[in-house]
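In structure tokens below, several structures.
Okay, so subunit A shows up in both of these, paired with subunit B first and subunit C after.
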Partner chain A sequence: MQYLLSPYNYDLSDPESIPNLFFQHLWLVGLTMLISLIIAIPLGLLAARYKGLYTPLIAVADVLYTIPSIAMVAFLIAFTGLQLPTVLIPLILYTQLVLIRNIVAGINNIDPLLLEVGKGMGMNSFQLFLRVRLPLALPTIVAGIRIATVTTIGIASLASLVAQGGLGDLIFKNIANGQLDAVVAGAILLAALAVIVDLLLLGLQVALNRGRNAFAVS
Partner chain B sequence: MINDLWAFYSDPANHFASTSLAFLNLCLVAIVAAVAIGILLGFAVSRNSILAFVAINASGLMRAIPVIAFLIAVLPYLGVGFTPAVTALIILGIPPVLLNTYTGLRDIDGSIVDAAKGMGMTGWQIITRVQFPLVLPIVAAGVRTAAIQIVATAPLAAFIGAGGYGDYIVDGFYTLHTVEILAGALPVSIIALLVEGGMSGLERLLTPAGLYKSRSLETARV
Partner chain C sequence: MAKIAFVEASKQYKGASSPAVNAVTFDVPEGAICMLLGTSGSGKTTLLRMANRLIEPTGGAIFIDGTNILEENPIQLRRRIGYVIQQVGLFPHMTIAENIRVTAEIAGGWERNALNQRVDELLELVGLSPTEYRKRYPRQLSGGQQQRVGLARALATDPTIMLMDEPFGALDAITRARMQDELLRIQRGVRKTVLFVSHDVDEAFKLGDQIAVLNEGRLIQTGSPIELLTRPANDFVRQLVGADNTLRQLQYQPVTAALDHDAALTMEDNGETPTCDVHASLLDAMLLLLQTRSPALTIVDGTTALGPVTLASINREITAARNNQTEQPASITNA
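Take a look at the complex of A and B:
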């Protein structure tokens, strides 16, 4: 606790200070989620449209998801060395399973009756997608984004092992020389960040639901 | 690269056999204990709605807390070595098993239990012959999640001195010795994939034929 409370660790000019590591962590997570969504949204839309694509896509994402994160970082070190891609690639690959699955589930699990009503009102297929499917699918998609972001916050701590900073620095740089106070500070900040982001995105998810079975989507 | 790896494994200084045993031991003890505790708690909690509310929300929160933070958090209390690592892994593995046991029991159609009662089954018979087979595949899905999580996290436990393949990875990272890192990462990945394959096979095996089709949606939860 002392490490967390000491004002010396909040000196903004020190790259190892808590705020700087914190923002570095946020930047890593933000970048990962941005690239992940750019990849997952088109893939998810395609898989929702063409059913044959879904099974192989999920199978590949599932195998990638099964490989332990530290092992994947370890494999990549042999190819990309101590660079940003070594941690960014595993982080992006891990988010794909839950993102694609929730995008497809959100778009396809819509009550067909509502689509009929939309058609009956004279909507064309583009309007049907934009005004019926998408609003109804959004809570499920946000649920996927929420799980992916929280997972990413945790795994991004491995960035420290490939010299990319973040809150993992507090843990991995101090655990070897027994500075438990700093290690625990890192763990507390990491957990707090994950829980806060989880609750914020849960709030967004509930708001997007607009009163329809708010907690039904996991 | 393959030659380097082979040289690393066959070098007696690296104790490949005992390291493998340590890793498998760590995973196995954690998985078995987590499954046993998770199922027991799931059954216990399903009888009381307040307990259920507490358990479900605590499990949800546990899922949000990063694994590494959790491993570290037990360090000041339990120290370094096998026991704290295995304790952390067990606590990590309980939520998915508990949640699936609880939701599985809750979602059993009430009329099925009524039908069993109407046929004159006793309470014990209802548990063993009706509820248990119906809940088994859902519990198996939870066990699969728990097992994979434990296997994936076990190498990180080397940071708190648990031994196993994580030792190669940790050591390799600190000395920047690529072959040693790979020597740890390779068996860990293979074991994780084997566990995933074996567990999904088990899950399929435990699913009663009549439930097979309707369960395809159930596995879509993470």
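Take a look at the complex of A and C:
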């Protein structure tokens, strides 16, 4: 606990101080999620539209998800070295399964009656998407983003192994030199970050689920 | 000119042995409520959904205001037709106000302020307090209230045509009767041309200016409720409408049917004969006769006395109607 409470560890000029590592971690998670969504949204929309695409896409994402993260990082070191892509690529690949699956589930599990009603009042397919499909799918999509983000927060600690910093530094660097207090501090911060982000996204999810049962989506 | 005209309209599903709708031809005059009456599987819903092209006809044509809708853009077509269904289908993620606005918003051409005002107007029209319901969500409303909103939503763009697919079918008997009365009240003010699917004969008689009886995809008969009662095209219609049902005859036949024309000349009005309005039914007249113990009633249209009605003349009319059924009916279509 001492490590967390010591003001010495909050010196912003020190690149290894707690705030700097924390924001580095946050930045890595943010960047991962941004790129992940840029990839998953079009893929998800396509898989929702063209049913034949869904199974192969999910199969690929599933295989990638199965590979242990540490193995993939180690494997990529051979190609991208101790650089950002070495940790970014596995992180992005991991999020795809849950993101794509939830985007497709959200869009395709809409009560056909509501689509029929929208069509009956003269919505074109774009209006139907914007006013009916998307708002009804968003809570499920955000539920996917929630799971993916929390998972990413954990795995992003591997960035430390390829010299990319983050809260992983507190754990991995201090295990070697026996500073267990710092290791525990890293663990607490990682857990706290995950819980806070999870709650924030849950709040968003509930807000998007307005008019319906607040806890209807998992 | 007929507002809606079906001309040999047909729908043949692939692989089905017989068409769901088989060469149906009839007209709906402007401002009328036309009930599509039939058992389940009779093709009444299919016929209704062809009118806004949610189902594409495989044969024939459908005209609205003289234009063949099959040559029109289906999206534009649907935007000028109100559509109400049994399951209502309010959007759960929108408030009541948003649910009503959405029809007008997608049709376009409405200003924001005008739209807010329109929502309040419509809520008032369907009997829901705007201040209380505007911001609620559909799942906070009862089934009857939801259907009122469904009706308001369909009326939002002030369409001249309304398609209603058993809109009150899922409601309890009391709420259903109330909604039927509300619909008639609203219709007196807004005068829409309504196509209304129902399997309930009482509902058809209560609401319909015109009833189209369908069976196995074919149109059996069209006509006013009275025409169906007094001149059913065949046994199917007779059974369906209960033409042998004396009570129904009394309920729906106008009192003028039993007007005693011969007596009208000889009767002198001594000022003691009770009067009965010209729009009353035979049943009303009969009850009045029994209550007042008077031998006759004077039928009046405003201030003009049209003539007397007696229990004997009512009895004669009912007997005549029953005998009529054995004669060849006058208004058969496709029978």
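The criterion applied here is as follows: the second predicted complex is superposed on the first by the 217 of 218 C-alpha atoms of A that agree within 3 Å, B and C clash if a C-alpha of one lies under 4 Å from a C-alpha of the other, contacts with A are read in each partner's own complex, and residues count from 1 in each chain.
Keep in mind that, in the parts below, a residue touches a chain if its C-beta (ideal position, glycine included) is under 8 Å from a C-beta of that chain, and two chains touch if they have at least 3 such contacts.
What you see is a predicted model, and the numbers here were worked out from it, not measured in a lab.
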Worksheet, complete the sentence: Counting residues of subunit A touched by each of subunit B and subunit C, the higher count belongs to B
Discussion item. Output check: A:L190 vs subunit B and subunit C. Expected answer is one of first, second, both, neither. What do you get?
Written reply: first
Worksheet item: If you stack the two complexes on chain A, which partner ends up touching A:N124: first (subunit B), second (subunit C), both, or neither?
Response: second
Worksheet entry | Which superposed partner A:V87 touches (first subunit B, second subunit C, both, neither) | neither
Worksheet item: Touching A:P68, do we find subunit B (first), subunit C (second), both, or neither?
Response: first
Discussion item. On the A-aligned overlay, A:L99 touches which partner chain: subunit B = first, subunit C = second, or both, or neither?
Written reply: neither
Worksheet item: Along subunit A, where are the residues that touch subunit C in the complex?
Response: 113-114, 116-124, 127, 131-132, 135-136, 209-212
Worksheet item: Which residues, counting only subunit B, touch subunit A once they are in their complex?
Response: 1, 61, 63-70, 72-73, 75-76, 148, 151-153, 155-156, 159-160, 166, 169, 172-174, 176, 178, 181-182, 184-186, 188-189, 192-193, 196, 220-222
Item to complete: Could you please specify the touching residues of subunit A with respect to subunit B in the complex?
Response: 62-63, 66-72, 74-75, 77-78, 82, 97-98, 101, 105, 147, 150, 153-155, 157-158, 161, 168, 171-172, 175-176, 180, 183-184, 186-188, 190-191, 194-195, 198, 218
Response to the item:
subunit C residues touching subunit A in their complex are 52, 54, 75-80, 83, 85, 87, 89, 91-95, 102-103, 106-107, 137-139, 153-154
